[in-house]
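This is the structure I want to talk about, given as structure tokens.
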Amino acid sequence: MYGFDAISANNGWFIAATGVSMVFIGLIVLTLIISQLHNVLALMEKLTAKPEVIPETKPTIRVPPPDPSDVETTARVFTPLIEELPSEFQLSELYALAKEYHLPHPHLSIRCLIENGTLQPLGEGVFIFIPSCEE
Amino acid sequence: MYGFDAISANNGWFIAATGVSMVFIGLIVLTLIISQLHNVLALMEKLTAKPEVIPETKPTIRVPPPDPSDVETTARVFTPLIEELPSEFQLSELYALAKEYHLPHPHLSIRCLIENGTLQPLGEGVFIFIPSCEE
Amino acid sequence: MYGFDAISANNGWFIAATGVSMVFIGLIVLTLIISQLHNVLALMEKLTAKPEVIPETKPTIRVPPPDPSDVETTARVFTPLIEELPSEFQLSELYALAKEYHLPHPHLSIRCLIENGTLQPLGEGVFIFIPSCEE
Amino acid sequence: MEMILEIIESTGFANASVSSLVMMAIALFLLYLGIAKRYEPLLLVPISFGMLLVNFPLSPLMLSPDNGQPGGLLYYLYMGIELGIYPPLIFLGIGALTDFGPLISNPKTLLLGAAAQVGIFITFLGALAFGFSPQEAGAIGIIGGADGPTAIYLTSMMAPHLLGAVSVAAYSYMALVPIIQPPIMRALTTKKERAVVMEELREVSKTEKILFPIVVILITGLFLPAALPLLGMLMLGNLFRECGVTDRLSKASQNELNNIIVIFLGLTVGAKASAEYFLTIQTIQIIVLGLVAFAIGTASGVLMGKLMYKLTGGKVNPLIGAAGVSAVPMAARVCQTVGREANPSNFLLMYAMGPNVAGVIGSAIAAGIFLALLN
Amino acid sequence: MEMILEIIESTGFANASVSSLVMMAIALFLLYLGIAKRYEPLLLVPISFGMLLVNFPLSPLMLSPDNGQPGGLLYYLYMGIELGIYPPLIFLGIGALTDFGPLISNPKTLLLGAAAQVGIFITFLGALAFGFSPQEAGAIGIIGGADGPTAIYLTSMMAPHLLGAVSVAAYSYMALVPIIQPPIMRALTTKKERAVVMEELREVSKTEKILFPIVVILITGLFLPAALPLLGMLMLGNLFRECGVTDRLSKASQNELNNIIVIFLGLTVGAKASAEYFLTIQTIQIIVLGLVAFAIGTASGVLMGKLMYKLTGGKVNPLIGAAGVSAVPMAARVCQTVGREANPSNFLLMYAMGPNVAGVIGSAIAAGIFLALLN
Amino acid sequence: MEMILEIIESTGFANASVSSLVMMAIALFLLYLGIAKRYEPLLLVPISFGMLLVNFPLSPLMLSPDNGQPGGLLYYLYMGIELGIYPPLIFLGIGALTDFGPLISNPKTLLLGAAAQVGIFITFLGALAFGFSPQEAGAIGIIGGADGPTAIYLTSMMAPHLLGAVSVAAYSYMALVPIIQPPIMRALTTKKERAVVMEELREVSKTEKILFPIVVILITGLFLPAALPLLGMLMLGNLFRECGVTDRLSKASQNELNNIIVIFLGLTVGAKASAEYFLTIQTIQIIVLGLVAFAIGTASGVLMGKLMYKLTGGKVNPLIGAAGVSAVPMAARVCQTVGREANPSNFLLMYAMGPNVAGVIGSAIAAGIFLALLN
């Protein structure tokens, strides 16, 4: 069977109409809900506004924000962090740790340490720490 | 059964002879064809020599070739490219883009940007872009 | 069935007692053996102390230990090594090779080559070698 | 002597039939398109190589196990398609790769993703009219969804003998989107419409991005359970991506798992293209109908875009409707290009990504509908 | 008309039962715990998503093959658990990730790993008393091993219908170790004991590290063949790591293979949590018993620590006994934290890693014992 | 009491047989060779560990499923060998790793790859003479192909009970190439021949490299369909590598897929070495015959090299014929070393890579011939 006959015989008109309708119904419902999502979230945030942020478990190292170009101080501040890491570590791990301990401007400091050679790249993003820079 | 009897009984002489012959026939045919491959290619190239190369779809950014050590200009030229990338990107992606846009001496320029700190390594070959270099 | 009846009916007391005993027996035996491991090794080392270490197959490149900050000499010494590598290589491969050939202070030398731009990072820890540094 | 004859008779040369040589030539042509023309090469290269391998005379690669002898390599790898395993796993990777931000920011573009599925159902009618069975017609219609894994999933469930033709058509047309869509887009829109610059997208919060996959799967899963395998994996992948605590799994879904499955999927889809099922008039009909499906999908997306242009007082550029067919991200780039012709300072890419990813959801729903209605 | 009704009847909405909605709510709650509370997210996110997907009304994901129709995606992926394949492969990755150095350096901490398994067997008795079958009781007891893959392996072999409840309990309590353990540790020790600073660990040679996995597997394998699948893979992974010539295999075990299996394992463990088996009084009993198992394991570890403190004349800090439950590395970190409270300059982490990894071996042996005695 | 006896009887100690202890000792010795002597460690470490694991008394790892109890872990992983799945997938990775440039540049070195396969067929005769069946003899002969996956594939198809012995022999001799080959090479050549400096290789274009795998598979596939699984995957991997548009797939073939399969393949090849099949006089015969195969292959390669030296008027260094056995890249390095002895400024490595990779193709063809003639 071919043509309109085949379509009718196989319930084609009905299936196609239903299919198109269902796609539209499904996505219209989704549109409505997604479009309200941020309103709902805003509302919930208002309702559950916490009185105070719970501090992280890791202690904050409180140091006078060093001049990041003062490499020696920077290196001293970073030493305890680096000791928490394996001897060969990913730079991203050090960044994460520096953030966790709320060290001031970690990006800049780490860049200094790299430029100055205190952090030594081993390839594949892996670095080692060379404590004293007088080699 | 053992020895020559076993070989004969299992058609061994025939199989071994056929096997060696087939390996040789197969590889001789391959040798002949592979050795003619570049001749055929050279011929085809001559026949189908295109009048003109079709330009890439990406537009060429035409800039006066900057002095790559002039970091500010270089950074300006690279800014739109970097904006096409995610905020943390692979250096190789930037190279690819620089080539696509036919920027002059991309290697040297990108090296400048790294040395000058405009591109900041995050480990694992990932970099971020720090637009202004006066920190 | 519940309670002590269920435990008894299922041989629970016996199984639990056996289980605990077996865990302890197993791990006590392991403890004893592992704790003797380094003694046994020390003994074996004494017994099989080799007269001389067999040298590596790779030839040692004998060069007067260059001043690592003398980039030109360093680059010259490293050139044959880099030629053994593919044109784009992992820094770690170069380190491995430098160690294999007993080159003096490879870390420092390679760092010099990177800083000076002779080794050019391509992202993901991959580097290329740019022989002459006067671009 | 006899044995030598036997050996010669066991070579492919002695058993070559015209149909197998034609299939090998087609496979080589598709390989050429994949490599030289870069038509969706990540899939077309393995598909066409799989097609080549199984169409060698006496190829053992798709043999069923028999008499204690194991079956062919591609026979076993094909299980992953036959049992409906590979396509959802590919969707896991796509979910982990997809940023639904532009869609969340502008949810009405979901309707463009809905409109572009009209082509699927109209082509379904067309395929019925050509004499295909309803199951076959559904598989052919879904080509218009412009979504490889969805097309492969539905076809493998409903009409596996068409798998070769349907997927070759789907991936070829996806590669041809930059050629198929622009004339339709230009024909249906005025220059003024094409030049519309859209309002900047609202920034989307992390929480919204985390909730999105959960909301989508809750709605669509309750509405249409048959769509759960595809949409569930898509949304799981996206949740891995967005939730911030499963980066390892997100990367594994995008990379190692995805790459391995793509190789297996491509090879075995191609392996289903045997001469018997591929060298038929039906294949040509499928190729024609697939083009029709793409064209109608594009047109209906653009027309819905025009409707939204009207309803919003000209704030929506109707071109982005064309991206609703999915073919991510090719169709969105086409919008960008066509939009720039009309207004060189226009930058539609991000706006088109909304309908583009909506189209993925839309065609997965369409596939679910066929599964629910026809199986 | 009839067909429209049929369609409506085939939606999930029309088929939603209270139990499936409750299960979906539980899944969403677990998902919340995984994402927002970071409870072992790498496993809890896929587990809870799998649980969600299979509990949609009419969900096809766990359907068995039927009538020539293939089964659901998770039905097939679940094979890897049913046949005992995933957990040993996870252990391969864990072995490749684990540094047994602290244990080799201080082998008597293996006894702490033994003591902490007492909770498993006492809970086994408790579960029998609640009316569970011996197989079920073993699966429940093993929750106290604080080792996900071991619990999943044993449960899938002995009581697969409890898989959902057991693994949810196991991973939840592993995440809750920092809350469950400290009060018990403080209650059983004096401040003086907690303040003990331990002797520095001996440096361990490369050869010892290579021999360790071989020795462990030789002893345990001869002693308890039923533990070979888990311990064999654990030790193979560790050998890949330490032997220095198979780095590729070590990395593959830790990364690509592990990540893929974690996704499949998590999804399908969750998929086993259907309402029928999960919404029962048994699940609540399992959750209670699991907590008991953790508590007893912690206590017996600490008590063994106290014994060693006595026998060594105060050289062993009894806190590190708590790490013997495994829950690597969370339990070791808890020791570090609780130890620092008593003596801020104390650094117990490395010392606690010994019993911590010993606990992994210990609970795998316990699982082997159950398999040998009960199967 | 009775139960305690039962427990003791269920330990490995009580069930240890001499043969299982001998097998464990052999496994430990092979492990030692792999780790301390670095004999092909990526395969020998998993092979010997698999061998160890299955030879524990009462080891459950290779148990078949029985009575509703699932089978052992290695029983299931072994399916990938039994069904012929792993070796072709390993070949996919090898193809993606292999640069055929030196071969394309100097195609006549393919003949050296052919000559070195003579050892396979002569050893086949030898094995027949020892009383092995033709299938077994083929599997033993293929050891001379110096190609692990090819040997495993052929053996698993034709004589799976010999899998342990054949693969241990194959990988051991591949590791011993630097010891086996040089004396043969020196005995068969004059110093003048060994000192020959070859002409520089022509640069090969990208198009040639893309066409190479396609041409090879077209020729060999038509000629010998039985070689399609191995050669098809080898050439697909190489096409992924060279075509420039499927880098993701090339990397996946070389890394994630390859690493996972290597672990499974190694473990399960070793698992096939049970005492019953391994502690036999046949194993010793196989080891002797394998050495013969290597030696004859080396000799015939060198002799063909001498012939080419004559025919080209001294332009070909006959040493590179030895690389034709494959054992990539070890055999090529041996040529380099032996060549340098005769002429310190000689650099044969690149020239030897041609026959070296040709040997991979050659032995895959030889395997196909055995499959076609003997199955």
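Going by the order they are written in, the chains are A, B, C, D, E and F; count residues from 1 in each one.
Rule of thumb we're sticking to: a contact is a pair of C-beta atoms (placed from the backbone, for glycine too) under 8 Å apart; a residue touches a chain by one contact, two chains touch by 3 or more.
This structure is a prediction, so every number in the text was calculated from the model and none was measured.
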{"item": "Reaching subunit D from subunit A through chains that touch each other, fewest steps", "value": "1"}
{"item": "Per Cα centroids, the chain farthest from subunit D", "value": "C"}
{"item": "Residue-number overlap at the subunit D/subunit F interface, same or different (half cut)", "value": "different"}
{"item": "Mean-CA-position distance for subunit D and subunit B (Å)", "value": "27"}
{"item": "Rounded Å distance between subunit B and subunit C, as computed from the means of their C-alpha atoms", "value": "31"}
{"item": "Subunit D and subunit E, separation of their C-alpha mean positions in angstrom", "value": "40"}
{"item": "For subunit C, residues contacting two or more additional chains", "value": "11, 18, 22, 124-125"}
{"item": "Residues of subunit D touching at least two other chains", "value": "7, 223-224, 256, 373"}
{"item": "In the complex with subunit D, residue positions of subunit E that touch it", "value": "7, 10-13, 16, 24, 28, 31, 34-35, 38, 41-42, 45-46, 49, 52-53, 56-61, 65, 69-73, 76-77, 255-256, 259-260, 262-263, 267"}
{"item": "Subunit E - residues contacting subunit A, complex", "value": "3-4, 7"}
{"item": "Subunit F residues within the subunit D interface of the complex", "value": "82-85, 88, 92, 157, 210, 214, 217-218, 221-226, 228-229, 232-233, 236, 239-240, 243-246, 248-249, 251-253, 256-257, 372-373, 375"}
{"item": "Residues of subunit A defined as touching subunit E within the complex", "value": "11, 14, 18, 22"}
{"item": "Complex contacts: residues of subunit C adjacent to subunit E", "value": "1-4, 6-7, 10-13, 15-20, 22-31, 33-35, 37-38, 41"}
